[in-house]
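The following pair of complexes shares a single chain, chain A, combined with chain B in the former and chain C in the latter.
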Partner chain A sequence: MVEERRILYEHLDVPDINTFDVFRQYDGYTRFEKAITEYQPEDIAKMVMDSGLKGRGGAGFSTGLKWSFVPRDIKPCYLCCNADESEPGTFSNRYVLEKNPHLLIEGILICCYAMGIETTYVYIRGEFTLGKKMLDAAIKEAYEKGYLGKDIRGTGLNIDIYTHPGAGAYICGEETGLIESLEGKRGQPRNKPPFPAVEGVFGKPTVVQNVETLCNLPFIVGNGVEWYTQMGPTYADTRANPPTPDPNTGTKLYCISGDVNEPGVYELDLGLTCSELIEVAGGLRGEEVKAVIPGGSSAPILTHYELDTRLDFTSLTLAKSMLGSGGIIVMNETRNIVDCLLNIMKFYAHESCGQCTPCRWGTPWVRDIVQRIADGDGRKSTMTRPKFGVAENGRWGDTGETEEIYEDLDLLESVANNIANVDTMTWNTICVFGIAVSWPAVSYLRKFRPEFEAAIREGKLVTLPVAEATVPPEENYAYQQRFIPKEFADL
Partner chain B sequence: MSDELIQIETPFAFNEENQREFNALIGRYPVKEAAMLPTLHLAQRQAGYITPAVMKYVAEQLEVSVMKVKDVVTFYPMFFEEPVGEYVIRVCHTLPCALRDCKGVLEHLKAKLDTDIAAETNLAKGTTPDGKFTLMKVECLASCDVAPVIMVNDDLYKNLTPEKIDEIIDNL
Partner chain C sequence: MAFVKLNDLEIEVEDGTNVVEAAREHGIEVPHYCYHPGLSRPANCRMCLVEPHVFFPPAGAIVPDRQLATGCTTVLRTAPPDRKLDGKYDFIVRTDSERVKKARADILEFLLVHHPLDCPVCDQAGECDLQDYSHRHGHDKSRYLEVKNVPPKKDLGPDVLLYATRCVVCTRCIRFADEVSGTGELGLVHRGSHDEIDIPRSHEGVPLQVLDNKLAGNVVDICPVGALISKDFLFKSRPWFLEKANSVCSGCSVGCNITVEYKADGVYRLKPRFHEDINQHWICDDGRLGYHYVNSDDRLQLPLKRVDDALTPTHWADALATITEKLSDIETEDIVVIGSAQGTNEDNYVLQQFAHDVLKTTQLGLFGQLPGEAHKFPQFTIEADKNPNTAGARTILGSANGNTVLEGDALWEKVSSAKVVYLVSGAPERPLEDAEKAALESVDFLVVQDVLPSEVTQFADVVLPGTTFAEKDGTFTNSTGWVQRIRKTIDPPGEARVDWEITQQLAKQLGGEMNYHFAGEIALEIAENVPGYADATHQKIGDAGIKLADSDQ
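And now, the complex of A and B:
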């Protein structure tokens, strides 16, 4: 069984770790002191780049690379810490904020030092009242102890941290939505480019980082790049010649919920498989795994055929899904996939910010179609059409058979794909919310089509046995280009 | 919204404590408008909900138009434009909670409080006649490991069962 490796969460359960004195006993702020005494800002930025740290907020973009886009000569530059944790299935930041806020402050300090930033805004979602209270108290303490404010530790550094409460809008977790919201407007995402690294909050260069990403920084600085890169797999990206390293280093705070015996946050090296994680979380509650959502509700679903998929950024991307924010939701054999999709689509229809037409109208439309199917009013044509699939020659094409036409299922896929096309990965919206809607919609439909068809045929929700409900990988063109990376390929 | 409409409302102004907090807030941002969300939170805490008078006051304080404040208030679900009960009960009903029977929680609360669920544009629908409780559904509260969860004002209650809910409500 895979062992937990607690780094960010190591001292989480120490009593009073939220106070400065106790945090200090557990090496608190020593990593920041090491950074300012032993390294130049450029060294820290290089260390972060070399560590291969990928942003933990959802996109999995290299943190070091993101920092390298920030122009050094334009001041002021801002840091926005994204603590607007609202992706269904994700809850790791909450514990950091509520229990160990000084760790986040230390991470912010290191980032500020590396980037020459003087002002940080921590955007906390409005519902995190306790988290905000704890962080505010910790910030106050850090000011009193001279780790924040003017001329920190006599180095001439001036760093301020302010908390900024959100007000319940999911879209403010998107980086440009967050910036708009921080500026006191509706949280409607901006067009990119210009990217926030060049023109962000108040028109100035802005680094936007997730809480978990920032919490990794003290450990990278404290223990060194070599120690950090030992954890998690590094793949070779063979699209480039010669192959470039594709690091998935470090630990991840996996949030596991749904049908497992011990839901919670587990800190593990990146790269363990789905079934291993379920085992770590006390095993499945129920008889059989029906489906797993690997990265928050936006991520395409995995079937029981795909439980060997490694939960890291690269492997999940190649499996046509994503690690996202690391919120894993497990469903057992009693769950109805149509019902689950309906729940998720209600969420997206509610949370669409209303800026782009395909999303504003498309999300309620998709929700209404799924609602109709769930209510037993799904539409089916009396005609048939040629069936496409793996033909005799082994390639995708006309199989020579006929299939029934389920109008609502075709419509569902078409509407979802017109918000954002999951096959070409192009979206008709400003932000990636579009793809976050169509990914679940299309993947649930393609992978669990029999259950959708049964609901339309029977006129009510029918929960099929797992084997019957799932489309086998070889029959499903969502899997066609699936490719499993070589483990630790030689570079 | 015309000025006449606003005049008929009771005028709003921050009390001393909130004024102090507001003054501290405003210094954090290079532009005053950026303090919008925290200011509205403060105002809502004092007034109970965001009346046109509150919007007008906030607009004056931040030196923006009333329309801009209204724009923001209507966007964010945490700002109320109608009166709500003393205790706002937010029931999470997103997937991880749904997998742990949040429907049962909702039904139990509905029966216990003898009220319907508030609609976003009709909060009165979910408010008890005595004005003590408002019951509403919200999206993910980021506590999926301890689902099902509810939030009563600022407090989160975890791993709910009907007995636990009774205890929570009776103690309010």
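And now, the complex of A and C:
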């Protein structure tokens, strides 16, 4: 049985931890003090690089690497804390904001010290009214106690934090969409490059970090890199020669919801498997697992064949999915995948910002096709065609059999792939919202195609038994294409 | 200069050029909607996707990038020596690979899913980027079965209508209002597939601000589809029936480059034409909509002669005979010849030759439209001087022969003491100020050459029907010293004649020796005789114009 390892959440349930005095009793701000007394800013940046900390917001980009892109000679430089936790199925930042806001402030202080930043904007999701209230109160307290403002603790550091509520748009959780919104414009992502690290808020270099990422900083500084890297696996990236280390260190706040007995946020080391996680969350509610969404609704779905996939950034990327924000949704045998996809596509069609063509008009189109299938109006041709799959020679090709043509399923896959191509991992859109639409659409369709076919054939939603509904991995082209290096498999 | 491999071409481009422009220079089309060279680049249409090569390739490898990039934001620059691709190229990009072609077709499919395909009744049909690109790059059939969005048609301002169903949300119009006119009336409302261009409105839908700036008409030009439509041109003609001639706007002394679009029965619209140093891509609405007088039914079509206190139509021989008779027995100092800032350099040159050689007077005047308001926009200026050729007329009239050119009060003082005045106006609907009225009233015999009846013509004893900028060839000199060509498009109405021809005819009848056949011939003589105009022949001016050597601006 895997045990929770609470670090960020360790003191979450301590009464009044949101007040300065109680937070102080639990080592509050001592890590920041250690940073400014014992280390130079460059040392902190090096520690973060060495710790292998990956951004917890979704993309899993190395935080230390991101910091290294920020030009040091252009001032002002800004820190943007992304607290616009809008990915469906994700709710870990919210507890930090509501219960332990001083931890975030301490993380911000360390980041500001390391990067020479004087101004921080915390962009909080508009619906988090309590979180904003608590954070505002904590910021006020920190100002009073001299941990924010001018000449902090007599070190000459000036750091200000401003909170800014969002107005309810999913896309403002995308870093450049967030920056546009923060500047008072329509929340529409920018073209990259230039990346925010070079040209961000008000045209200045900007570090954009998720709440959870910043909350890791006090512990990295307080306990050291060695302590931090012991948690979670470190793989070897074999694309480089010699292979470079690919760390997935630290803990992750997994938000588990859906058909488990004890849904909630669990802080666990990165790298445990899907089935272990379901066990931690009190086990499955229902007979068997039908599917698992591993990283928020935009992540490609995992079938019951893939429950041994390790839930860390690298493993999930190699499994053609992603850890994303760590929002894990478990589905049991009663769930209809067509219906699930419709739910998700309704969300994305509503949340597309409408800036670029493929997403603006492709996303509602995908939704409409899924809606039509769910309504029983999906189209099926009377013709048949050669079936592709694992052929006699063991390779992908013509199997010699024929298959029926479900026109709308072909259309759905084609339209989704035109927004962002799942096989080549490329997108025609400005931001990765396109990927967030086409990944679920195509992965649900490919992995649970029998259920889609049944809905068209029967003219209504049909929930098939798990074994029947799932395409076996060996028959799934995307699964076939998985890239699993030997070094990775051994770990 | 960057050395770039574009498809199979090896080209040199200026640092900072984007792929769309570099390709255009070499005759390769990269289709685009949102990109406009005069505006910022949001890269939101995704139509100009191209295939760049990896900039930091693994040693020695030349591989296309996994991700396509937008050509409008992909800027070509010289690479450091150690980062040259294939040892020599600063950049390698393909605009014709299979991936690019597929991406274009896919984007076009998305652009057309909500488009009403109402081309038969769309003003833009024939000059529409959606049509052209669909034809060249699109799929041959639609796969869209769902319900189309039908946003409402909207009235955005005095001259602009929005057919929102046709809109591809490229936001060119919004960026124009933000960046060029700086007035910011336009914005996007709603979100996602319900995105709509609109002006600010109250909750009840009442406009709080309308698209009513002096540059508003440009949004119609830059709209790549038929969404923004000019009310002035609405349903007037299919664009492919229009003839086009490069010309210069006569609305003010900026001298914006335009294209006059016309049919045999009149001018249909004026469109801006790119000139880097004068108007970039734009013209103002005063100029754009200021052509209507050309087509007016009130245009002077026959010479008029005062008979019993009323101006009555007559024929040319009679009108000219009347003037000749009057001029033949009059003292030189009693004659004033007044040229026009609305006229071409050629008109004015012939006029001053006539004054000097035939009438032997050196007293010339300069007449033109009254000054109006000047407007300054972030990237555009409208001048207060509402004449296209003040600078040119002033120089040409006063150039040779030691003429003096009188303007303003000095001119009207001179006119009050004159007996015969030959006034070339050409300024449509020119109101007269009191001093001018009094001066003209006191003239014994006033000859007015004009295009429309006006306060000026009502004092005339003989009115000669002249021509507008759309009906003659010639050159204008703008306020910054650019000499540019206007071209004849339509025939003058009735028996109206080109102004310099009228003057030449008069000169001939009075025994002068003048024998020009076309405007270019006069321009050659101007080049010979007028200081600074040595290069201003029609051949050298061409479509781009030339800047006078001695103009210091």
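Methods note: the second predicted complex is superposed on the first by the 482 of 491 C-alpha atoms of A that agree within 3 Å, B and C clash if a C-alpha of one lies under 4 Å from a C-alpha of the other, contacts with A are read in each partner's own complex, and residues count from 1 in each chain.
In this text, a contact is a pair of C-beta atoms (placed from the backbone, for glycine too) under 8 Å apart; a residue touches a chain by one contact, two chains touch by 3 or more.
For clarity, every value in this text was computed on a predicted model and none was experimentally measured.
Judged by the touch definition given at the top, the superposed model places A:168 against chain B, while chain C stays out of reach. Of the two partner chains, chain B is the only one touched by A:126; chain C is not.
With both structures placed on the common chain, the touch criterion links A:425 to chain C but leaves chain B unconnected. Contacts of A:250 after superposition on the shared chain: neither chain B nor chain C is touched. In the superposed model, more residues of chain A are touched by B than by the other of chain B and chain C. In the superposition on chain A, contact of A:218 is made with neither chain B nor chain C.
In the superposition on chain A, contact of A:186 is made with both chain B and chain C. Contacts of A:411 after superposition: chain C is touched, whereas chain B is not reached.
When both complexes are overlaid on chain A, the residue A:351 reaches chain B and chain C alike. Comparing the two complexes, residues 169, 186, 350-351, 353 of chain A contact chain B in one case and chain C in the other. Of all residues in chain A, those touching chain B in their complex are 85-91, 93-94, 125-130, 160, 162, 164-170, 181-187, 202, 255-259, 263-265, 293, 297, 327, 329, 331, 335, 340, 343-344, 347, 350-351, 353. Chain B meets chain A in the complex at residues 28-31, 33-38, 40-41, 62, 64, 68, 71-72, 75-79, 90, 93-96, 98-100, 138-147, 151, 154-156.
Within the complex formed with chain A, the chain C residues making contact are 41-47, 49, 66-68, 70, 73, 103, 106-107, 109-111, 113-114, 143-147, 168-169, 188, 190-195.
Those residues of chain A lying in contact with chain C across their complex are 169, 186, 191, 349-358, 360-365, 368-369, 372, 411, 414-415, 418, 424-430.
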